[in-house]
Structures are given as C-alpha cells and as structure tokens.
Amino acid sequence: MVDVTGLLPAVTVVIPLLAAVMILVSGRHENIRDGFTVAAAVAMLVSVVAMLPSILSGERITISLIPLLPGGDLALRVDAFGMVFALTAAVLWLLNSFYSIGYMRSLKEHAQTRFFFCLAVAIAAAIGIAFSANLVTLLVFYEILTIITYPLVVHVETPEAMAAGRKYLAYLLIGGIFFLAAVILTYILTGTTGFVPGGFLAGSAPPLTLQILFVLFMVGFVKAAWMPLHGWLPAAMVAPTPVSAFLHAVAVVTAGVFGIVRIAGWVYGMDLLASLGLGTLLAVIASFTIITASLFALTEDNLKRRLAYSTVSQLSYILLGVSMLSIAGMTGAMAHIPIHAFLKITLFFVAGAVIVAAGRERISDMKGIGRKMPVTAVMFSAAAIGICGLPPLSGLISKVYLALGAVEGGVPILLIVLIASTVLNAAYFFPIIHTMLLGRPDDERSLDSVSEPPLTMLVPIVLTTVASVLIFFFPSMPFMDLVEIAIGEITGSVIP
Amino acid sequence: MRENVVIRTISRISVPFIQVFALYVIVHGAVGAGGGFQGGVAFAASFILMFIAFGLSGVEKRLGKKWLMVYSIIGIAIYAGIGFLCLAAGGNYLEYGAIESAVGVAHLHGYLIDAVEMGIGITVMAVMVSIISDVMDRDGESP
Amino acid sequence: MIWDLDFALLLFMIICAIAAITVRDLLHAAVILAAYSLIMTVLWSEMNAVDVAFTEAVVGAGVTTVLFIAAIARTERSSSD
Amino acid sequence: MIEHLPVLLVTVPIVAALLILLLGWHDSRFCYPLTLATILFQFAGGIALLIEVMREGTIHYYLGGWAPPLGIEFVIDTFNGYILPIVLLLALATAVYARRSVEKEIKPEKIVSFYVLFQLLVTGLVGMTITGDIFNLYVFLEISSIAAYTLIASSRKPRAYVAALNYLVLGSIAGGFVLLGIGNLYVATGTLNMADLARLLPASYGLATVHTAFLLLVIGFSIKVALFPLHLWLPDAYTEAPSAVTVLISTVMAKVSVYAMFRVIFSVFTTAYFVETVPVTELILFIAAVAIVAGAVLAIAQEDLKRMLAYSSVSQVGYIVFALGVANQIALEGGLLHILGHAVMKGCLFMVAGVIIYRLGTSSFSDLKGVAATMPVTCAAFALAGASMIGVPPTIGFASKYYLVLGALEAGHWVYAAVLLAGSLLAVGYIWRFIEVAYFSASSHHEGGDHHPAPGVREAPLSMLVPMVILSILCLVLGIFVDPLMKIVAPAVSLLLGGA
Amino acid sequence: MNVKALLAVLLIGVILFWAVGDMPAFGDPQSPATRYTGKLYVDLALQDVGVENIVTAILASYRGFDTLGETVVIFTAGISVALLLRRGGRL
Amino acid sequence: MEAVLEAFLSHYNYGMAIILMMIGLYALIAKQNLVKKLIGLNIFQTAIFLFYISFADVEGGIAPIYLPEGMEAIYVNPLPHVLILTAIVVGVSVTAVGLSLIVRIYEEYGVIDEAGLLKMVKRR
C-alpha cells in the first residue's frame, strides 16, 4: 500500500462546489445553469476515473488540506473502498443530472435553481465522505450532506413535505449528534481519528466502552436507515423523484452504510468486532430490518414508498455482510453498495418517469402502463429482477458473496434470512411487474395521453440497466477489483 | 412658575454670589474640600435657582441650549486635551510631569490640576443644567 | 469618632430609608430622600470624608432631589405602594 | 506612537464623540463618517495591538506615568488582545450597518446624539476590555451601560422605554454588586490593580470577605451577560432596541461582559481559587446547562424572529459559561472560540432580523412567509449563520462546540457533554422556524419558474448587506481556518489557567 | 412577588453580614487597605503631586483617568437625557 | 458582654450600611411604582458608598488634607473617597437617565407603576 500525495481528490470535491456557485449565479438562465450541472458532473466523473488506475495499482492518494480540529485535519485519502463509493456516485450523478433536468423541466417545478444548487453541494459532500481520511473529515461532510439535502426533501413545500422534512432533520441531526459524540470519544480514547486499515481502537478502552461507542456510531449512521431508525426514509418520499434517486442510490443512504463499513473495517477492525461480540448485534439488527422492511414493502401501494422500504431492506444486506465478519461477507457488503445503487436508481428513475409521463404514483393505477411505456416498464422489470438476485443482473454477485460469507463465518442461520428476503423481494416486486406489463387498465382511454418519457429521462434509465448487466458479466471492471483491494487492506493480506 | 417679585429679586442678587462661590470651590479643590465636580454642581445650582425664579423659557433663551452642549464639550476637551499635551510632551497620558519637564517650569503640576478641575467643573455645570432643564421642561424646545 | 452619635444618625437614616420607600406621596418620598442624604452628609463629614460629604450634599440633597421633584411634577404624585 | 496605542484606543474615540456632537450639530451628515472613521481607527489599533502582543508579550501602559498600585494601568495580554479585535470587528460591522437602519428607525433630530452614544458605548466597552484596574473597569462598565440604556430606548416604540428601564434597574443592581464586590476585595487586600490583587489575594483566601466579593462579582457580571435565571432584562431589550443597537449590544456588549467575568474570575481570583478553594465549578456547570436548555426552549416558543434570537442568546451564553465550569485547557479554548463565533453569528442573525424589519416593518414569523424569494441574499446569510449556530461543520459554531464537548468529556462530565449536544439540537428547533417560514412556506409556492417578489419588498440596501454577508462568510471561513485561530486562543487560555 | 424579593434581599444581606464578620474592625489603622495603598498615597501625594488635598491629588493625578471616565459618564448622561426628553432642536 | 459590645462597636456601621442596602434593594426589586424603584436605587447606592467610606475611616485619623508643614497626623485612607466621588457621579447619572425614561413611559402609557404598565403593554 503506497501513499501518494495528489491534488485530484480535492479537485474532485471542489468541482461540484464551484458548479454550485455558478448555478446560483446563472440561476436566471435555465440552459446555462443546467449546463453547469452537466459540465460539473462530467468533470467530476473524469476526475474520479483519472484516479482509478493508480488506485487499482494499489496506491492511495492522500492530501491534507488544512489542520481543522484536534483529532483530525481536513484531509482526504482515496483508497479502494472510497473509490467504490465515489465511482458509483460520480457515474450515477451524471445520469441523475440528465434525468433531473428532464424531470424538473417536464413538471415545470418551482425553485429549480435552489434544487440544482443543493444537488451539487450534496454530491460534493458525498464525494467528501467517500474520500475522508479521518473521522473528523467524515463528520464534516456527513453533516453538510444532512443539511443540504433538507431543501431537496421539502422541495414541494406542501405541509406534508414540511412534516417529512422535519422528520428527516430530526432523525439525521440527532444521528449527527451521536456521531459527533462518537468521534470525540474516539479521539479521547486514542488521540487520533485517522482511518487505519484493520482498525486502531483495539486495546484502547474496556470492552463495554467500545461497545457503547459502536452503538453511538450506529446511531450516528442513521442514514443507513436500519430499523427501527428508518422512519425518515419513507417519509422523505414526498420529494421529487430525482431527489429520491439521489437519496437512495447516489449519496445519502449509501453514505450511511459506507460509514458503517468504514467504521467496521478501518476503526474497529473485524477481529475487534468479533471479540466484542458486535457482529451478533449487527446481525440481529440487519436480519430484523431485512425481513421487517420487506414485509412493510408488501403492504405499500405507493410505488415510491414500496421502493423506499425495499431500500431499507437492501441496505441491511450490507450490514449483514459486515456482521458475518468474514472476508466473503465483507466482500459482499462492499460489492452490494454499487450494485444496489445502480439497480435502485433504475427503479426510481422509472417511478419518476411514470409520474412525469402518466402522473401516477400508486401501483394499482399502473395497470397496463407498460403498453404505452414499453422500454420503461421493461427496464423496471429488469432492475427488479436484479434486486431479487436473479441473473443476468448484478444483484446475484453480492448475494452469492453474502451466502458464502454466511457459511464461511459459521452463521448459516443468516442464509435463511437471505433466502427469506429473496422470496419477499420477489413477492413485492413481481406484482408490480405483472401490473405494469400484463395488467389491463380499468379504463382503456385513460392511457391515451401516456407515452414514453423524454429522452433525457429515458436514456439514463436504459444506461443504468445496461450498467447493471455489464457489472454482472464483467464484475471485476472495476468494482470487484476495488473491493478486493479494500478487503486486502483491512485483512492485511495484500492482494494486488 | 408664578411671577414673584421677592423671589426674583433675591435670586438676582444671590446668583452671582453662588457663582463666585462655585468658582472658589473649584479652585479650592487643590488645598481643601471641594473640586471640579462639587463646584460644577454648585454653579449649576445657580441656574436652577434662575429656572425657579424666572421660568425655564426665559433662562433658556438667555443661555441657549446649544451653548450648554458646547460647554460640556469644552470641559471634556480641556481634560482630554491636557492628556494629549502630556503625550506630545513625551510622557504617558495625563503624566503632568512630562509637561513640567518639557516646558521647564517647576510647580506646573498644581496649575494643571486646577485646569483639569476647571474642565470637570465646566462639563458638570453644563450637563447638570442641561439635564435639569430637560427634565423640568414640560413642552420641549419647539414641539 | 463619637459612636453613639454615629449610631443615632445611622438609625435615623434607616428610618428615613424605610419612610422614603413606604410613603404613598412621591413628593414626600423625594423630600425624605433629601433628608436621608443630608444625614449621610453629616455622617461622612464626621468620618473625615469631607470631599465626599460635600459632593453628597450637592448631589444627593441637591441635584437628585430637584430631578426627582421635576420628574414627579411631570408624572404623578401618588403611588400605590 | 505605538507605545501609546492602548490609551489612544480609548481617548481618541472620546474626543471623536465630542467632535461628532459638535460637527453633527452643524450638519448631521458628518456623524456617520466620523463614527465609522473612529471605529475603523480603533479596529486597526486593535489588530496592531494583537500583533504586538503576540510578538512582544504583555503590554503594560501606566496612565499618568504612575506605576500600580498607585495609578491605573492598561494591560494588554493575549486574552484581551484576542477579545479586542473581536469587539472592534463587530463594532465596525455594526457601524457600517447602522447607517440605513438608523435613518429609518431614529428620528432625524436624534441622529446626532444617537451616534455620540453609539461611539461612547463602543469606547466604554473597549475601555472595559483594555483596563487592568478593577475600579476603572467599573467606570467603563457604567459608561457603556448608560449609553446602552438610552440607545435601547432610542427606537420610537413605547415598549422600548419599558425595556430600557427594566434593563436600567437590573443593570444598576449589577453595577451595585460589582461595586460592592470591588469594595470587599479592596478591604481584603488594599489594592485595585488586577495583577496586584491576584498577587495579594491568595493570602486571604480563607476570608469570608473574599468569598463574598467573588459571589457579588460573579452575580453582578452574570446579570450583565444574562446568565439564565438573571436574563430577564434581555429579551425585551434586544427586541425593542433599534436594529443596529441590538446588533451592537447582543454581540459586543454581551461579549465584553463575558470577558469581564472571565477576567475577574481567572485573572483576579485565579483557577486555584474557584476550583479548589471554593469549588463552584459543579454549580456553574449546572447553571450553564440549564441556561443552554432553557434558553433554547424559550427561543423555540417565540413567535417573533428578533425575540427568538434574543432567547437564543441566553442559550448561547450558557455555552461560554459552560467552559468556565469545565475550566480545562480544551474547554476554555472552546469557550473563547465561542465568544468569537457567537459574536460573529449572532451579529449576522440580528442584522438579518434588522434588515427584515427595515424592509417589511415586522419580524413576526407569520408575516415572513416566503421572504427568501424577495431577499435571497439576506436569507442565505441567515442560513449560513444559523447553520453555525446549530453547529454544522465546518462552521465556527461547530468548532467551538467540538472543543467544548471534548473538554467536558476529558474532564469526565459525561452528562453535561450530552446536554451540550442536546442544546445544539434545540438550536435546530429555533433556527429552523425561520428557515421553514422564509424558504419553504406554502404561500411562496408558485407553479413554474421562480418566485415572484411581493411588491415593494426588495433586497436590503448595500450598506446593510455587505457587513451581514461578510459576517456570515466569516462564520464559515473562521470555522475552516480554525487552526491558525487556535494559535491566538491557546496562549490566551494558558494565560488564564496560569493564573497570572 | 414581595416574599420572593424579600427572600432574595435577605439572602444577599446574610451573605454580606457573613463577609462583615471577617472584615477589619471599623477604624482599624492596621487594615490592609489603610496599611498598603492608603499609606502609600498619604506618604507620597505631597511630594509627587504637590497639592494639599490628597483626595484631589488622587482624583486628578494618580487616578486621573477614572476622573476622565467620570466626566464622560456625566456627559453620556447629559446626551442621554437630551435624546430621551428633548423635543425638536438638533439633539 | 464586653466582647459583644466590642464586636458590635467595631462593625456596627458596616451592618447598618448593609441594612440600608437591603432596604434599597428591596425597594428596587419589589416596589411597583417606578419612581419608588429609583428611590430604592438611590438608597442602595448611597448605602454602598457608606460602606466604602466606613472602611476608609481610621481611628483618630483626620480628613486627608495635609496639615501645614511640620505637623504630624494620621490621615484616613483617601482612596475610597476618590472612588466614591466617581461612584456618586455615576449614581446621579443613572438616576437622571432612569427618571427620563419614567417620564417618557408616563407620556406613552399614563401610568408609572409596574402592574398598570403590564396591563397597558399587553393591551397594545
């Protein structure tokens, strides 16, 4: 593992921030403003990809910006695991940008400048989270992400949205407070907060303290939406669909699970987690969440809310992977981050497309909509199949690893959870597919005005689906390679 | 105020005496009880007497509120100015010794203190008269 | 220092103070306050603080009383407590 | 002339105040530039003094050339060297901001005296900061208090008179207590010079006189800083005062009072006294915690922006006093940082409130729906400063809270650290009231495109906008570049804890 | 309200009485204040300042800055009252 | 008995000053009438001044004004006198400002007691 100093990580974070400023300045001219969004997305993607080769060759790019607080400078370090998240976010943001522009313009939404400004800042924060070199930096970007997504959640400004926004803030800020407490406690215990592969907490405090600290961290990463602290996520569904896509795939929940994996691998280390018995705790939380959230999803008629519960359930796969405390489990967990993101964003894109093209949100209203929007509906079906873990989509990969991990980690009971959840996934997705493709509308004419969404929306949908397929066929390019390097890092076995 | 000849006459006679006494008090500060503040207030008392005897508006016309403000400014300016003189003479602020050695006159100290007391007296006199006339004044200068 | 004189004066001052805050007529209160100040003046000059006594005589019994009376004249004389 | 800078910082403004009165009498247009120039001079001087102190160490200036304990001395060490630029920066920002707000809120014929008193208030506060003599501190305290009473009453509202009188009554009690405390100290030691007091006091730490002096001084200054149960004057005074005055007293005056409290507690009594001889830290912590929570809860309950911010001040003062209760290096660093941070952000927030009153004539939440559409810059400034108030990284508010919690945990005060964190959540409660109303209020909802401004309401005038925006950006910049700042704060705290 | 105020005042009174217990006796020439600065002023004032009234010497010279402050206080009060009460005019 | 008298004699005027302070403070806090409050403030302040002057006194001392040369004497401590001179000025300044405020309040509301004021403020 070689540390290289480089400016690129900082540049990557700064690009969207600059774009945000430009968006504000050029707010009056729609095209220029949206041009900045796209330009920044492209530039950021290029910048991230530019770092890819050196990461893949086993280097880590670091840059220490300024000394900030005791316990951590504002420092960025790009390692393989951070790259997984950053690459996912960068790719999906580019697609999401096109999609958002199409969506917002089609619906003639108000306050678009604010919307795109917040999105740009939020993606900067997400990249910052991915590249954080220590807990303080992670905390800084994490809190920025919380605050800046609030205007997105309440974008429609209805009383319902305001209530959802309050709920969102309450959950995430309380979580942030716990996170802050955890960071300070870590600093007091060890005098540092910099991430170390394999963890640095071992032996710094009595087990009970470390267990409490872990709980603090868990509550801190409430963005991971584990049950019973998931309430904000379905509530936040009142937001415009690109925001939901952003929340569920690009940045927010991903940031939560990313943080937990970071803590597990780089602060605690798997051995310490095992000796503290925290794996069990995680496993219980994760299993409970997976099953319960799937059951909740079954009962939802609103498509977006059903997807939201699906997210809650899927995120806990990652926690489940971590809880196995085995190499395969960890691999599955890490791999599931991009895989789930690509699949879930497709689903949300479709949900949004249905809203734009047909103005429908309830599943029961979508009967036969696939006839008028064939591409969209097919893509939806594909992604749903992927989530269930069926080939030829990427969902299978992580599931296989997770199953392996369960066996390897000696907790076969988790296999049952996996299987049960797969069944439940199918149970709540197939009815939707069925309704869309095969259902007969109650009133034939009501579908007359429905057609495929504009190209700016349709193309991202297709692209994300294709990406999921590609990941299945070429898993090592580049996600699995990155994950492998990351696993090598935290387990100490160097796999170049 | 009622027009009362006796009060008017007595005040007309006594006001100058009060004022002389007030000046004495100010200057006397260096050697005995008294000083700028007490003298200033005593001086103001003479005007209060005039307020009572002649009514506010009459006295104010003669005095002019503007001049009261100017006096109060002059008073502080004397004090602060002496402080700055000390700076100019190379000493610290209000270090009278510096002026003494700069000018070369011994025993200037006492005079400077008198001047300072005078400054205090002027300010206190002006401000007191101004405050009391403001508080007594029911209708204000020009509504 | 004559302690019994001091003591008597202090006692009288306390009476004045209580009177000043209990009298219903504010004008009376102001005048009692002036008396209080005058006794204070005597006390201080007896304690060898001539400058302060002088000042208190001029300010406490003089200016303050005039201010109070002027203000009471512009507002109202009676007090509810 | 640099060696005379300390005294010039106080005397030049006094002369300037006279000049403002004299020239203003001639033509009231002179007042504003003169005030601005004077405060600018003071600000430059404050910075120069800070640099000098950081380079050369503590500066002593003997007034009249008399060495203490006979004479009065000015002492500038790292602590007040750090406070002084803060005070003057905020004073400067307020002075720039004041012009338009004063034109609207003060009767034209009162403008001259307004600026004179404004200048005197700033001067008194600078004097309080700079002096090394405890009685001199009292004199300057009274100068600034009297000026503040009148300035609060100088808005045209009848309620302002009542607020000012309430403040006068409580302020006089505070002044009386401080005077009594000074008297007790003098009885015990026979000196008024702070350094001398610190030298002589340990011999009489057993005396009830000293304990009483401590108690009286702390209570007196607590009234002045509006520590929780003694805050009753604050909400009315802050709400009813003219906008510029609110900004000034809520930032500069509150901070100087806190400074005076710290100065007396640490430099006169030393840590040894209040940590070991009379262990009151637990009590202080408790009061601070109550202040944090109660202030924030009361703030949430308000229906008026300015009033809400006033109660928020009560809460935020708790944070600073909290540092006092913890009394270790890190917590005090956080406390001093919060003095700066709170001054900057509260200044900005009150400026926003002032601007809104300037344009809309009200600051009641029910009248502010969708104000962000018409005053985007103003509301953005509020959002940024509000984020700092909540403690969102990387703002200055976050940094100070981080240090405070770190200090509290290091001292083992787990529960109080939790209260501190909960306090910042409550801050969300009140900051968000305005954010929701201004940005996401239903009445501002228009289909398609951006909002349409209500007729007659425009963005604030430039002279009000610029200081406001600068302060809000400072919230962020100071938070990011907190490390260089610590190079000034850390020696100041060492000085305080060193006891000399 | 009255009872509360009375209690508060009594509390302060008790504290002050407590303090008095440790104070030097009334008129004690050996009290720290008299022994230290009091004596210094009495000894030095005439030769330092050259005025007979020690109070004036301290007032105008040793602690002259306090007196400047005092003058500013009264000036502030004057302006304040003018601002509050005067109608018309230029103040 | 002797000791009690001794203790009483040596501290009684501090005690009296404190009683005066308490009276003033009580009026300042509890009195409804605003003018009464200010009267209380005055009593409170003068009591503090008395306190200062008390501890300045020296047994057998004379006023701090130098006797003609050659004559020895004990002078009382002059410093508290100076401080109190300043404090008296502060006191009268605060009183003046307070009274002006009361006058203004009376002009606006027509009442000068707190209860009435509270009612008026609420009504507007």
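Couple of notes before you dig in:
Chains: A, B, C, D, E and F, in written order; residue numbering restarts at 1 for each.
Just so we're on the same page, contacts are C-beta pairs under 8 Å (C-beta built on N, C-alpha and C of every residue); 3 or more make two chains touch, one makes a residue touch a chain.
These numbers come from a predicted model, not from an experiment.
Relative to the centroid of every protein C-alpha atom shown, the closest chain centre, again from C-alpha atoms, is found for D.
The greatest centre-to-centre gap from subunit D, using C-alpha centroids, is found for A.
Taking each chain's centre as the mean of its C-alpha atoms, the one that lies farthest from the centre of subunit C is A.
Contact tally for D-E versus B-F: the pair with more C-beta pairs in contact is D-E. Separating the centre of subunit A from that of subunit D, both taken as means of CA atoms, is a distance of 43 Å.
Centroids built from CA atoms put subunit D at 36 Å from subunit B. As a whole-number value, the distance joining the C-alpha centres of subunit D and subunit F reads 29 Å.
Mean C-alpha positions place subunit A and subunit C at a centre distance of 78 Å. Chain contacts: subunit C has residues 1, 50-51, 55, 59, 63, 67, 70-71, 74 touching two or more partner chains.
Counting partner chains per residue, subunit B has residues 31-33, 35, 37, 66, 69, 76, 80, 83, 93-94, 96, 124, 128, 131, 134-135 touching two or more of them. Residue numbers of subunit A whose C-beta contacts span two or more other chains: none are found. On the subunit D side of its complex with subunit F, the touching residues are 135, 138-139, 142, 145-146, 149-150, 153, 158-159, 161-162, 164-165, 168-169, 172-173, 175-176, 179-180, 183, 186-187, 192. Put simply, subunit F touches subunit B in their complex at residues 63, 65, 85, 89, 96, 99-100, 103. Partner subunit B is touched in their complex by these residues of subunit D: 4, 7, 11, 14-15, 18, 21-22, 25, 61-65. For subunit E in complex with subunit F, the residues that touch the partner chain are 1-2, 5-6, 8-10, 12-13, 16-17, 20-21, 23-29, 31, 33-34, 37-38, 41-42, 45-46, 52-55, 58-59, 63, 66-67, 69-70, 73-74, 76-77, 80-81, 84-85. Interface residues of subunit E facing subunit B in the complex, by the touch rule stated above, are 49-53, 55-57, 59-61, 64-65, 67-68, 70-72, 74-75, 77-78, 81-82, 85-91.
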